[in-house]
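Read through the structures below before going on.
What follows is chain A paired twice: with chain B in the first complex and chain C in the second.
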Partner chain A sequence: MTPSLLVTDLTACYGEVQVLKGVSLTARSQGVTAVIGSNGAGKSTLMRRLAGLLPPTGGQITFEGQDISTLASHDLVARGVVLVPEGRLIFSDMTVFENLTIGAVNPRARADRDNTLETVFDFFPRLKERRSQLGGTLSGGEQQMLALGRGLMANPKLLLLDEPTLGLAPGIAKQIFQIIPGLVKLGLSVILAEQDVHKTLAIADYVYVLENGTIGAEGLSADLQNDQRIKDAYLGA
Partner chain B sequence: MTIPFISTNSSLPAVSATVIGAVLIVGLGVTMGSYWTVVALNLFMWIALTQSWSLFSGMTGYISLGHVVAYGIGAYLVAVTFKMIPLWLSIPLGGLAAGLFALIVAIPVLRVRGPYFVILTFGLAELVKYILLYTETTFGKSSRLLFGAPKTEVLLYWVAALAVIATLITYFVGRSRFGKGLAAVREDETAAETIGVPVTRLKVLAFAASAVIPGMIGGLMAMRSTYFDVLQVFNPTISFSIVTMAIIGGAGDARGPILGALFMLGLAELLWSTAPQLYFILLGLFLIGFVLFAPNGLIGLIKRRKQPKGSVS
Partner chain C sequence: MESLLSGQLLFAALVLGGLYALIALGLNLVYGTMRLLNIAHGDLLMIGGYGAFWCFTLTGMSPLLGLPVIAAITAGLGIALYYLLFRGQLSSGKPIPQIEANSLLLFFGVSVVTQNVIALAFSATPRAYRYLDDVYHFGQVAMTGNRIAALAIALTCLVAIILVLNRTMFGMSIKALIQNRDAARIVGINVERVQLTSIALGFGVAGIAGGLVSMAEQISPFMGFPFTIASFVVIIMGGLGNVFGGIIAGFLLAFIEIYAVALTSANMRSILLYGIFVAVLILRPQGLLGKARQS
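Presenting the complex of A and B:
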């Protein structure tokens, strides 16, 4: 498979604290690449760094053959690298419709806005029903759908999903997980950061295990499911 | 199906209403005598200032408590160049100088948010005030008399025109993609970044733009008072009044600053001469009342009455 995103020896810091200590990974084109790891392993930092939300400190990021290591977030979005952030961060005082349309702010997405909106409503009929409701009045699951929909409105090529099921009821988390393979079918590449190892292994093609800011293990999902070390550490015997 | 980002169909009535309203008040102010000319002048001055403030602070949620700095810089430029270059040139130049100043300080100042931003803008305005005060006294010019300033009526036309322009700018920016981007910043800056809003560029532009008209107003008001005094044109009370009017009227909507200015000037005209202490007591009470019970100001109250609350899941 051709790589969508190539990350080499990436570092990231919050002030003096170095959180990522040289992470290298490859995101597969039109596939789900997962990053699993416990709380504080650096998953969100990695995602924020990839989305251009943290100042570049070291390492290289290549997207579709071009160096994007130092680009600002809006330039990355314009090129098709879009983060759906942890905690959803929807605009509570805007309607569902406004949340979605503002997602298509970059020039590439703007031209296609109406079509993309239809696609998003196909994925999430609930959002269509609640289109004139304020974002803040939605339930947690609906807000996650809205955050995903808003990300899709940016017309991404590579979608970075940071813990999309955090704090959601198991039934709704399951729904969100079921949507991800559908996104790949649309032609998207996905990097998924998750704590739920079981469900992640079920939908991911390739998995990286992040431990203390470095890649501790990696492999095809199928292989990792049988890996004794992963079983012990993350799956609970 | 098209998604209306700018709804042009509803623009015309708003524009006409603004212009007609302004022309009517100017007409009344001029025909009803000098007292009313001054009242109209003050009204338009505050509308222009609060509207400009709203362009940045109302839309982004970054509360500037130092907007007087733009007013002061404009006044200073016009006073210093008085009789050297014509007013039709020096007043726009004053606006430009204020805008440039805002552009230069924007990058460092906009790095902080919330209360830090409020304090920083306040401190910055005070800093500029004392630097200019020092400069002026060093050159032996603690204040400058400005003989031969235009008549109040002429100033009124200028200020009214600027109030109309400021109102229209706030109105149209609010409906533009630029305005939607600023609204996203106000709601959640990180989220705005993740969806590709060029957050820094937008904030800097809005900050600089919001200083231009106050700079021009400062120049005009220096002409009005016929003398220039640093402490007067950099008086922090101007910044406080702008914020108060924006809170009472409601920011983030072009009608808010108009209502706020009308409300405060109305209150002032009613009570100022008869019971000045009562004026300040009431003003304080209103400010507290609005912050606590109607944080979106008068315009928020009107909107709430118009449309019943949306269904809650």
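Presenting the complex of A and C:
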């Protein structure tokens, strides 16, 4: 399978604290690559670094064959690398429609905005119903849909999903997990950072286990599901 | 009591309100997008005032025609300060309270330098010129032409900026950056460009306001500070970073000021202004008109 994103020996720091200590991974083109790990393992830091939100400190990121290690976040979005952040970070004083519109701020997405909006409304009919409502008045699940929808509006090639089901009711979390394979069918590549290992293994093609800022284990989902160490540590055998 | 109900005070309050709203809008854009507390904001008005004064006295040209040049000068000053003083601060990843505190000190320095440079160049003597000072009567209300022009131009600028903020992608980017900086970067807004445009717009509008003020009032190198205070009162009343709240608060403060001075005396003006400032900070520091942005 051809790689979409190639990460080599990546480091990242928050102030003085080094959180990522040399992470290497490959995101499959038109597949779901998952990063699992416990709280504080560095999943969100990795996602934020990939999205250009943290200053580059070391390592290399290659996207579609080009070095993007030091690009600013808006340049990354323009190239199709789009983050749906942990905690959603929607604009609560803007309407659903405005949130989605601003998602298509990059030049590549702007031209196709109306079509993409239809696609997003097909995925999330609820957003269409609530299009004039302020983002802050939505429920947690609806806000997550809005964050996902806003990410899709950017016309991404690689979607970075950071804990998309954190704090959601099980029914809604299930819905979100069901949508991800649909995104891949549209031609997207996905990197999914998650704590829910069961559900993640069910939809991911390849999985990396992040432990204390380094990759502790990796493998095809099917193989990791039978790995005794993974079972003990994350699946609560 | 009868004078309170006359259109005269209403007109005065509208003119002052338009100016306050415009001045505070500039301050709000700069604070909202970058968290820079521009304590030199009133000095930009002063520069605009001198620009209009020299434009009129040297060339005899209408100061209204000089306004675009004045706006370009103050906007250019904003761009220069952005690159010299603030760009590094903003990209350093420093926590917001530290950026706010640093910017307050830096702008204080800018304010002192600006006032003294202008005083050195043009002396500290107040200056004035007469332009469009014919009086027009509408019923019982007497209005000078320059005040009518000031109101009309202030309102035009306000409407134009509101339209840009609400109807264009660029305006939405400004609002998005004000609301949530991280989210703005995530959706792919070119934060650097929005910041630069905001400071140019905020400074340019302050220059225009100064030109308008100078048509009807004396100018001096030290005229800016009361306007700085007034604009801080306004943006705090309207909710920091809340652009529309600030516009409403601008008119509100002008109405309070004009009518309270009419009930007491002109000597009360400063006491009133600072009194409202302190009262708002104590009673409702989050603003009268609700919150501006998510933390």
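In this text, the second predicted complex is superposed on the first by the 237 of 237 C-alpha atoms of A that agree within 3 Å, B and C clash if a C-alpha of one lies under 4 Å from a C-alpha of the other, contacts with A are read in each partner's own complex, and residues count from 1 in each chain.
In this text, a residue touches a chain if its C-beta (ideal position, glycine included) is under 8 Å from a C-beta of that chain, and two chains touch if they have at least 3 such contacts.
Because the structure is predicted, anything quoted here is derived from the model rather than measured.
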{"item": "Joint occupancy of chain A by chain B and chain C, clash or fit", "value": "clash"}
{"item": "First, second, both or neither for A:K174, with chain B first and chain C second", "value": "neither"}
{"item": "Touched partner set for A:T101, first chain B, second chain C, both or neither", "value": "both"}
{"item": "First, second, both or neither for A:A51, with chain B first and chain C second", "value": "both"}
{"item": "Partner chain(s) touched by A:I90 [first = chain B, second = chain C, both, neither]", "value": "both"}
{"item": "Greater chain A contact set [chain C / chain B]", "value": "B"}
{"item": "Which of chain B and chain C A:A154 touches, first, second, both or neither", "value": "both"}
{"item": "Contacts of A:S139 with chain B and chain C, given as first, second, both or neither", "value": "first"}
{"item": "Partner chain in contact with A:H198 - chain B first, chain C second, else both or neither", "value": "neither"}
{"item": "Touching partner for A:R229 - first (chain B), second (chain C), both, neither", "value": "neither"}
{"item": "Footprint overlap on chain A, comparing chain B with chain C", "value": "51-53, 72-74, 76-78, 82-83, 85, 89-94, 98, 101-103, 105-106, 150, 154"}
{"item": "Complex contacts: residues of chain B adjacent to chain A", "value": "1-3, 5, 177, 180-181, 183-184, 187-188, 190-191, 193-200, 310-313"}
{"item": "In the complex, chain C residues that touch chain A", "value": "93, 169, 172-173, 175-176, 179-180, 182-183, 185-192, 293-294"}
{"item": "Of chain A, residues touching chain C in the complex", "value": "51-53, 55, 72-74, 76-78, 82-83, 85, 89-94, 98, 101-103, 105-106, 110, 136, 150, 154"}
{"item": "Chain B-facing residues of chain A, complex", "value": "51-53, 72-74, 76-78, 82-85, 89-94, 98, 101-103, 105-106, 109, 113-114, 117, 130, 132-134, 137-139, 142, 150-151, 153-154"}
